[in-house]
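What follows are several structures.
After this come two complexes, each holding chain A, first together with chain B and then together with chain C.
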Partner chain A sequence: MSEKNDLFTLAEFDERESEHIAAPRYSYWKSVWRTFVSNKFVVAVCIFMIIVVLFAMIQPMFSHYDPMYAPNINDPSSKFLGPSSEHLFGTDNIGRDLFDAVWAGARNSLIIGFGCTLINMILGIIVGAIWGFSKKVDVWMIEVYNVVSNVPFLLLAMILSYVLGSGFKSLIFIMCVTNWIYVAYFIRTQVMIIRDREYNLASKCLGTSTWTIITKNILPYLISVIMTYISREIPSNISYEVFLSYLGLGLGQQNASLGRMISAYTSYMTGYPHLFWIPVSLLAIISVSLYLVGQALADASDPRTHR
Partner chain B sequence: MSNNKEVLLSVRGVDISFDKGGKKPFRAVKNANFDIYRGETFSLVGESGSGKTTIGRAIMRINELSKGEIYFKGKKISGKISKEDDREVIRSIQMIFQDPAASLNERANIEYCVSEGLYNFHLYKDEKDRIAKVDKALEDVGLLPEHKSRYPHEFSGGQRQRVGIARAMIMEPELIVADEPISALDVSIRAQVLNLMNKLKEEKGLTYLFIAHDLSVVRFISDRIAVIHLGRIVEIAETEELFKHPLHPYTISLLSAVPMPDPQIEKPKKHVVYDESKRDHSGEKPILQEIRPGHLVFANDREMKEYEAKLQEMEKLEASDK
Partner chain C sequence: MEKGYYFKRIIRSVISILLVITIVFVLVYSLVPRDRIFNSDDTLVKLGGKPDERLQYQMRTWQRLGYIDYENMSNYCASLYDAGSDAINACNVAGAKEEKDFVEKYEGQGYTIQYLPISHSPIASKDRPIALRVVEWFRSLIYFDTPGYVDKELFPDLERKIYFGKTPTGGLAIKCSGCEHKYLLYTDLSFPFIHQHILSLNLGQSYPTFDSLQVLNVISDSQGQENRTETVFEDGHTETSAYKLTACKWKNTLDKLDRNKFQDNYADCAIIKKDPSMMGISFIMGVIALILAYGLGLPIGLLMSKSKGGIADKLGMVYIIFIISVPSLAYIYFFKYLGSTFFHLPTAFPTYGVSDVRSWILPCISLALPSIASLMLWTRRYMVDQMNSDYVKFAKAKGLNQTEIYKKHIFRNAIIPIAQGIPSSLAGCITGAIITESVYSVGGMGKMLPDAINSYNNAMIIALAFLYTTISIIGVFLGDVIITWIDPRISLANKEEGR
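Moving on, here comes the complex of A and B:
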């Protein structure tokens, strides 16, 4: 026994020291970033998307593409050309360069998609948070919602576009004037789900003001839901613009638009498929990559996925 | 003993109803009356749905009263009160919640969870002071200051409950409403949390309102016990008195449900089932009245006589045992 005691000494175990090593400080946003970056595929998609967006913003500045300007309209030899080194995406039925047209259209679509989403989300989140939190506001807001959601959007869009005329600002106005209320309703439901959770009662017992409870307890919970919503909302706004332009309610002839392009080139789908497929593919690429990036951001914003 | 102690909180004739506007308002709490003295642990025991949590939440002013008043240090805290009183009461009465997983903000780190109250009342001089206070609070409950940048989901249930306790303690409250603080925890960590609560009580001179359904736990921690059944307080007594001389049939039923770790006691034991509908309701309406100093029971005069006889018999038996 004594021999053993000579040979072995008891190593002191300091729990504090081990915890100190095991629990390094970390910040929330840094971990969000780390989790996001760890998904290599999404980072690649994100970089690709940024390149596409930047290109769509910059290229039209140099091409000065104007859909009303068609100098080759009377030159049959420059119509319906296939993709070549001179015309990367070929030319269309009146001899306009499709490459310039597509990027100019993408730029307008992106501006409308992002702009409308931004306005809708800001209005919707602010109103929805208050709406979901206060029972008094809920009583009359739900009636407003019922009225607004029962007005057919297309009817409203038609009336407004006749009153305001076609153009950039009026299209954004049309797409925001009632649509924010759907975002607000979505946020309201989400807020109501977590409003009466115990941790909010606990905050109330600690004397936390309603505003702080909304911004610190409820909205952080909703970040991933909101990110998912945004990643669906941007592509859907882009396709809404496409849809309205297709019906002739969106941007006028003087503005390049992916929607107008797609609707105009549908008839050439068999004869000159590049005219139809190139704008459609660009729209799809933008939508899908936005959705993927949004989903990845939504996942990354949940601290449970952090390690 | 009760007369020379300072009454910290008194609940007077409190009724709490839900669905008031509806056709069938539900009376969750019926005419509750009790006092909590400074420095004691007062337990509220009853089966689930008996209204214990509702009373606790009414004291935290989460649930509105439909009748009656609640006084804290002689000041009315129920109904509409001034803003300064409101802040004062929030600081002095804190709550420990039942489910430690649900009662912490998952999207905030421990540092924010614990200092939330400090931020609200600006109870710190500067950043350094706040961090020192948070570190101290975490150390008090047996956590390490290194934990404060972590998120609640990274902790075990017992640790989360400690965070919940630290969050309440940092406000330096006088009364803590502990709403079944250990029922969501593992049996192995219940003792830890109870001992911690007792330690903090001694160190800081706290008063607890302890809400529980587990009588063995209640016996360990409390000075006085109130038994509540279907929203009505049926018996209030000091802990040992209640365990020695249970009078109300519901209390007897509740005591008989406590499992004993001894098969020789457990086997012949008969569980007494309490059925409100089978009781003799004749005579005048029962009220909560004192049968011995500090021992109150819900009874009418006829039942009072029965209980008195029973109590005297029990006391005689004990005297002869000695």
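Moving on, here comes the complex of A and C:
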């Protein structure tokens, strides 16, 4: 009996330790990271995307490309040159270097894509969260939505671009002035789906304020949905800039734009195909990689995929 | 319950349309300077050397388009004196004594007085409030044709009546004497077989492009070359002509040619042309693309959901990602390039024209591409969602085979949200596709809005906004009605009450 007692020593009583609830260690953001990194293909795309984006941001700083500046316009020998070591992507119809032009255009497209998405998402999420949560707001907002979503966007864009002039600020304004309401409507529907779940009801009964319920209970639940939306929103905003530029409404002559390049170079598609295909391919590469990374992030940020 | 819901919804839709039009009115008429409408007006250029006429022409045009109320001396004189008298001649001369009264009268009514640059004769103008213009636009929107249309002073003896008769081609008709149209209601052999002229939409007059045409006619009348055929006129004589005799309107003064052809004053006939209208072309193209989209998108989406994670699924996803993330402009050009180099299809619609099938292939495919992708995506998504639900497991447990579960359970549930979109997309076909139509130079509706805005054709802008809004609201509404047919569990009225 005494022998047995020697084998044991009395552990000290620790009050803090006794209160601790044994639960597997789980950090949301770490799990997001782990899930994201586990897909090697997506990581490769992500690295590629970062390189392209950084290059698009940095290259124009050194090239100082200006679409209005065409020094070789009167020199026929420097027009329509094919890709070479001097001009990596060749030159265009008035002797401008396509390499510089394409990256300057890519930078502008990226700024527009990210900028508009950021503004639309912030406005849309705030308004959408309140809209989805309050039935009183809903009655009014749904009518506002009906009206706003029915004003032809093109009309609004054309009139505003005409009133505000062309340029970065006005283009971003045009692309945000009504588009946030679609984000808000989307968030509203999502919020409505989960606002009456039991845990929110319980939270409400315990006296949690509406604001805390929205920010702490509902929005975190929506992260993966929002990420999915963002991953579609960025390419679609880039696409919209291209569309507006195609109609002559986008950034204006003084800013490089992939959209206007594409529409201007379509006539050379058979004669000088590099002029058309290089901007199109770059645009496609950028948007596809952004979309893929966004989708992967959305998957990773859904707690249900965490192991 | 349901009835009350529909009623409320219709009221709300009408209010929405009203608000949209008001916003568009404000945008168009307050943000765009009114001088711009003359940018492409040749008449004004011709009047360049005559500042008086130029200013008066501008004023008259603004008055015609509803911008301002406008008065000048000659109207004022005509209201004071008889036509042809010495007094009116004296009054019309610049510097006449009546000018002072004119200025006093219209200044008192809130008009702004201007003096013509050369003759210094006064003119008065007053801006019309936008609210008033919106009200007037809606008031004149729907037009009833009645026997009181023809001017009673010019034609006091005209018999005014509505009677039964026959069309020149032998169809039944309700005819009218004294209305704007001769045939109010008639049947013929072309779709939709019964036609009417009793009610018409008045969407305003087009200016400066398609000048002095009704906006509705611009987008809904046939285009291209005149389609001349042997036509039997009412008095029995036959002649090669492009007149559509059932769409003749009243004409106050007839010339000699008219008298040879017509027995009465209904001589202002529509002209039949060979190609479909702008709306028609866009609609045909849209419907073909829609059939393509549903015919391909649905089955491929189903296939993808069946082989989830397999090769078909992955290939489908590549296509979807390509369409979603690459700007439409880029892939439209890409497919245009493919079609023209490998299949030798025409790259411009007018090359072979409307009647040739080859003209339609590429535009229709390019229209269908994005719809196919989104249908694939959503079909797959809904099917996969349904496959994981409890009732499917239950059906499996009961021993139903895979095909039965697919057909009778999953598909019927998954199709509901997809069916909801059909009316919207169908109605949306009328509004046309901007990029596709301009890439292939199709004479459809797609280019109308950008063109109207670029040429400051305000009546056209407002009319198009009205059409787009109405069509989209009706489309959404019909979509909701359709899902209640397909799925009796869904009640629109309950949705209204909230949770």
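Quick note on the criterion: the second predicted complex is superposed on the first by the 283 of 307 C-alpha atoms of A that agree within 3 Å, B and C clash if a C-alpha of one lies under 4 Å from a C-alpha of the other, contacts with A are read in each partner's own complex, and residues count from 1 in each chain.
Just so we're on the same page, contacts are C-beta pairs under 8 Å (C-beta built on N, C-alpha and C of every residue); 3 or more make two chains touch, one makes a residue touch a chain.
Not measured: the values here are computed from a predicted model.
Once chain A is used to superpose the two complexes, chain B occupies space next to chain C without a clash.
When the two complexes are overlaid on their common chain A, residue A:259 makes contact with chain C while staying clear of chain B. By the touch criterion stated above, A:303 is placed in contact with chain B alone, chain C being left untouched. Looking at the shared chain after the overlay, A:290 reaches chain C, while chain B stays out of its contact range.
Of the two partner chains, neither chain B nor chain C is touched by A:68.
Of the two partner chains placed by the overlay, only chain B lies in contact with A:197; chain C stays clear of it. Within the superposed three-chain model, A:10 lies out of touch with both chain B and chain C [touch as defined at top]. Chain A is touched at more residues by one of its partners, and among chain B and chain C that partner is C.
Here chain B and chain C sit at a least CA-CA distance of 7 Å once the structures share a frame through chain A. If you check the complex, the residues on chain A that touch chain C are 135, 138, 143, 146-147, 150-152, 154-156, 158-160, 162-163, 196, 232, 235-236, 238-239, 242-243, 246-247, 259, 262-263, 266, 269, 276, 280, 283-284, 287-288, 290-292.
Residues 12, 15-17, 19-20, 23-24, 27-28, 31-32, 321-322, 324-330, 333-334, 337, 434-435, 449-450, 453-454, 461, 464-465, 468-469, 472-473, 498-499 of chain C are the ones touching chain A in the complex. For chain A in complex with chain B, the residues that touch the partner chain are 16, 19-20, 23-28, 197-199, 201-209, 212, 216-217, 220-221, 223, 303-304, 306. Per the touch definition, chain B reaches chain A in the complex via residues 57, 60, 62, 87, 90-91, 94-95, 97-99, 102-109, 112, 116-117, 120-121, 144, 146-147, 149-151, 153, 164, 167, 171.
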